[in-house]
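Two complexes follow with chain A in common, the first pairing it with chain B and the second with chain C.
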Partner chain A sequence: MTAPLNRKQFWRLTVTGTVAFLGFWYLARLLHFSPPQFLPMPHEVLIKMIDLLHNPFAGATLPEHMLASMKRFGMGFGLAALIGVPLGLAMGWFRWLDDVVTPLFDSVRFIAPVAWVPFAALWFGTGIGGPTLIIFAGAFPPCLINAYRGARDVDIRYLEAASMLGVGSFKTISEVLFPASIPSIIAGLRIGAGLGWLSLVGAELIVASSGMGNLIVRAQSALATDTVMAGMIAIGMVGVVIDVLIRKLERILLKHRNA
Partner chain B sequence: MATIQFTDVTRIFQRDGKDFLTLDQINLTVQDQEFVAIVGPSGCGKTTCMRMAAGLEFPSSGTVKVNNVVVTEPGPDRAVVFQQFALFPWKSVHENIDFGLRSKGLPKEEREKLIAHYIELMNLKGYESAYPHQLSGGMQQRVAIARAYALDPQVLLMDEPFGALDAQTRVVMQEELVRLARKNPRTVLFITHAVEEAVYLADRVVVMTSRPGKIKEILDVRSVREAEKWDRHSKIEDVMDLESFVHLRTRIWKSLREEHAGTDH
Partner chain C sequence: MARTQPKSYRRVVVGIATVSLLLALWYVATTATGFINPSRFPRPHEVLSAFNFIQTEGYGNGKLHQHVLHSLKLVAMGFSVAVGVGVPLGLLMGYSRRAEALINPAFLLLRPIPPLAWIPLAIVWLGLDDGSKILVIFVAAFVPSVINSYTGVRNIETPITEAARMLGIKGWRLVFEVLVPGAMPMIFTGLRLSLQASWTTLVAAELIGALYGLGSILNQAAQDIFPAMILVAMVFVGVCGASTTWLLGRLENLAMPWRHGRVAA
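And now, the complex of A and B:
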């Protein structure tokens, strides 16, 4: 990669890119590329977004749809992290557990999260259970794999020191493998959160009766392109916020380490 | 009573399908409360000897016994001070020392008393809540020694513990270790390639040959030290000036030199 640019150059290029993008967008409308109802102008999308903050669409306002999605995401992702990380670490320590779980896991993890939709809907319904399972299916593999990798890659010196001190398996996992694997675990959580969020919107397109995915698919039926686009932008924004929060968590967890 | 006993210990490494003999017929007994240093050219297997006593590696044939029991796994009765310290970077000085004590299941007050004692003894006061990366190399090694001593082990195993330190820090650490070892005698197996360090610290010095490592000779330093009253000097440089010290050092030095000459051609 080429050398990093200084702050001023960075902002100049960022603004240029954004302005050019919006420029092309307006140009497309001015040149009548597409009928107005299929391509609203950028400011119209923004106005729609603000309007959706208090005027409901498909039975709920934008924040309410967001909250519904976030709840499902929190459940599915939380479950994936809470099970995936400890299980991955334990698999990195106990050879027998590795041998029990890995063949099962490897055969299941290539089923795309969206392919879980029909099964999830049949078993857990379309309320909170079904979508939660789909997010879980998306977020679980990276959480587990990265914790496992992290545990397997721990510097042998720490494990030798722990065994010399007479530290048992549970404490070795929680006080040696876990802290040593934090960078790898966080990387897994970021990938897992991304995949989980993507899977969620996919799931809501099909099964849910609320949430961001449901909002945009209902807007599509109503030919409300501005609402579709406002919803898409909100989905992207929430994704970024989730990623920023996880990176913040990493900084808190690693505050005592040198780089 | 804590002894370390190597009986006919042989170690073979396998690489690319070929066998390499790294340790050949090691017979050595470290007596209770004796401080034995092993010196030898690099690659002679001296560290492997220590790791076998620790239960981190195992002989290909022969036995390693501590207290007449064959070593099968690592444990807090045989505390190790590693060359690269091996402190836990995510634990403070206090937590690093406490980790082993908690695993022994000692009650809180007793742990705190032990930690305070070794913090004081190793000149670490005021640094209890510091993290390893905030400390100098010498201080990190003092934490590692405090961590090992606090376990109250029957046997201490040290693998070139001062190898990563600068010359000045090294001298201070050597003096502190002598102070600790004389006040608080333990059975110690000390691995080093520094001849002066071995002569200064040990009761007996074991000289090893280059690979395959065999015991070349064992020198009794203690009788010389006691006869010549080395301990009346508190500074290492004063001891190192004594004729008896120089004589022993030169003798070991020459012995090691022969080994290097043997591997050079």
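And now, the complex of A and C:
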């Protein structure tokens, strides 16, 4: 590896990189590589984004679409975490549960979450239930796998100490396995949130009638490329915010554990 | 995923028993008692006849193997281009701090956008043809390839890179004898994530609009309210995902003989 850069070198290169990226984008337009309706310029996208804050597109403003998406995401991801984490920890503790759940889990885990879209729509409709199932399908596997691995990697001495002190199964899981696996669980929640958010976008592209995914797919059929790009950026930003919130949660949990 | 201890005899027996129990339950709930309405979830014999139908008569513009091959082809193309560009870029960013500082801004701007959100833009740019699907698969597979190759290089132990520098290893020898082998485990982690992302994205893109492919069967079957065909398509999405991942696992073992195949996919 080359030596670390000093602050001045680093910022010079970072600014150059950013300018080059935006420069190529502008250049593509100025040299007429692409007609304006296919490639809006960066500042046009930004203006569109601000405009969408109060002017509705596809029946709602950007914040309203965001809210609709967040509701679905909260339901799907919440369910995945509330079922996946305890189940994963329990699988790490009870061997029979591991033996029963693992083959079932293995037989469905290669099915891409968006492949659940037709059944989700058939069973739960396209409002909130269907997309919730798809987000669940995306977020559940990492929640389960990481809790399970965390529980399996707990130092055997803690478990021996717990069993010597006569601690029951439920308490061992909640008081020993859970706190010891927090870093692994949080890593799983972060991956799960990312995949859940991705699946949400997929679900909204295909079936939903509101939400950010729906916003960009409707903008696409209206050939409003600036709205598509503004929507993509907003989707990315919400994803980052969710990730930051989960990392905050980790800090709170670890502080509580170490106190 | 990576399970180091060999699967015991007991695990296999319990596994087979569980899956058989589930299949029996399926039969009882749908066919024997009619507890689950066949318009919601298909009966076992309906799934078999849907499978026969798509193999002999064809469904949604083609027979099953045509759809499967079409999807496989698109994934192979998008995935290999993404890996071919992403892994070298990640290695470069891991090795050179200058390259990292230069490329990172663009990467950080694009990285948080989920690959599925690129689908509408790809359709605007390239229409509903194969090109737009290859583009979104590329985007999906590119990010994990870059990040993991980058992390792989950064995690190479300092004594190894220092020894290489002291011995004056430079250029291609440095790349192929130090950086690539050192980063190999992480590169393969990235490839596995890329492959999963490729399948997810392809299925979504085909669900939105395609003439061929597994996602287009799903879409057609959903419109016809044909649950048995939905299930057939889902099973094959799983089979394709599992078999390509298995293939990648074999490749991983071949690429890292020093691990003696201890890490199976």
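Assume the second predicted complex is superposed on the first by the 241 of 259 C-alpha atoms of A that agree within 3 Å, B and C clash if a C-alpha of one lies under 4 Å from a C-alpha of the other, contacts with A are read in each partner's own complex, and residues count from 1 in each chain.
The definition used in the following text is that contacts are C-beta pairs under 8 Å (C-beta built on N, C-alpha and C of every residue); 3 or more make two chains touch, one makes a residue touch a chain.
Because the structure is a prediction, the values reported are computed rather than measured.
Q: More residues of chain A are touched by which chain, chain B or chain C?
A: Touching more residues of chain A than the other partner does is C.
Q: After lining up the shared chain so the two structures overlap, which partner does A:9 touch, if you call chain B first and chain C second: first, second, both or neither?
A: Only chain C; A:9 stays clear of chain B.
Q: When the two structures are overlaid on chain A, which partner does A:110 contact: first (chain B), second (chain C), both, or neither?
A: A:110: touches chain C, not chain B.
Q: Considering only the touch criterion stated at the top, classify A:123 as touching first (chain B), second (chain C), both, or neither.
A: So A:123 only meets chain C here.
Q: Is A:102 contacted by the first partner chain B, the second partner chain C, both or neither?
A: In the superposed model, A:102 contacts chain C only, not chain B.
Q: Thinking of the overlay built on chain A, is A:63 touched by chain B (first), by chain C (second), by both, or by neither?
A: neither
Q: Contact-wise, after the overlay, does A:23 reach chain B, chain C, both or neither (first, second, both, neither)?
A: Neither: A:23 stays clear of chain B and chain C.
Q: Going by the contact rule set out at the top, does A:36 touch chain B (first), chain C (second), both, or neither?
A: Neither: A:36 stays clear of chain B and chain C.
Q: In their complex, what parts of chain A are in touch with chain B?
A: Listed in rising order, the residues of chain A that touch chain B are 157-158, 160-168, 171, 175-176, 179-180, 256-258.
Q: Over in the complex, which chain B residues touch chain A? Could you list them?
A: Per the touch definition, chain B meets chain A at residues 54, 56, 73-76, 78-80, 82, 84, 86-92, 99-100, 102-104, 131, 133, 147, 151.
Q: Contact residues on chain A for chain C in the complex?
A: 1-5, 9-10, 13-14, 16-18, 20-21, 38, 96, 99-100, 102-104, 107-108, 110-119, 121-123, 145, 194, 197-199, 201-202, 205-206, 213, 216-217, 219-220, 223, 225, 228-229, 231-233, 235-237, 239-240
Q: In their shared complex, at which residues does chain C touch chain A?
A: 1, 10-11, 14-16, 18-19, 22, 40-41, 94-98, 101-106, 109, 112-121, 123-125, 153-154, 156, 161, 196, 199-200, 203-204, 207-208, 214-215, 218-219, 221-222, 225, 227, 230, 233-235, 237-239, 241-242, 245
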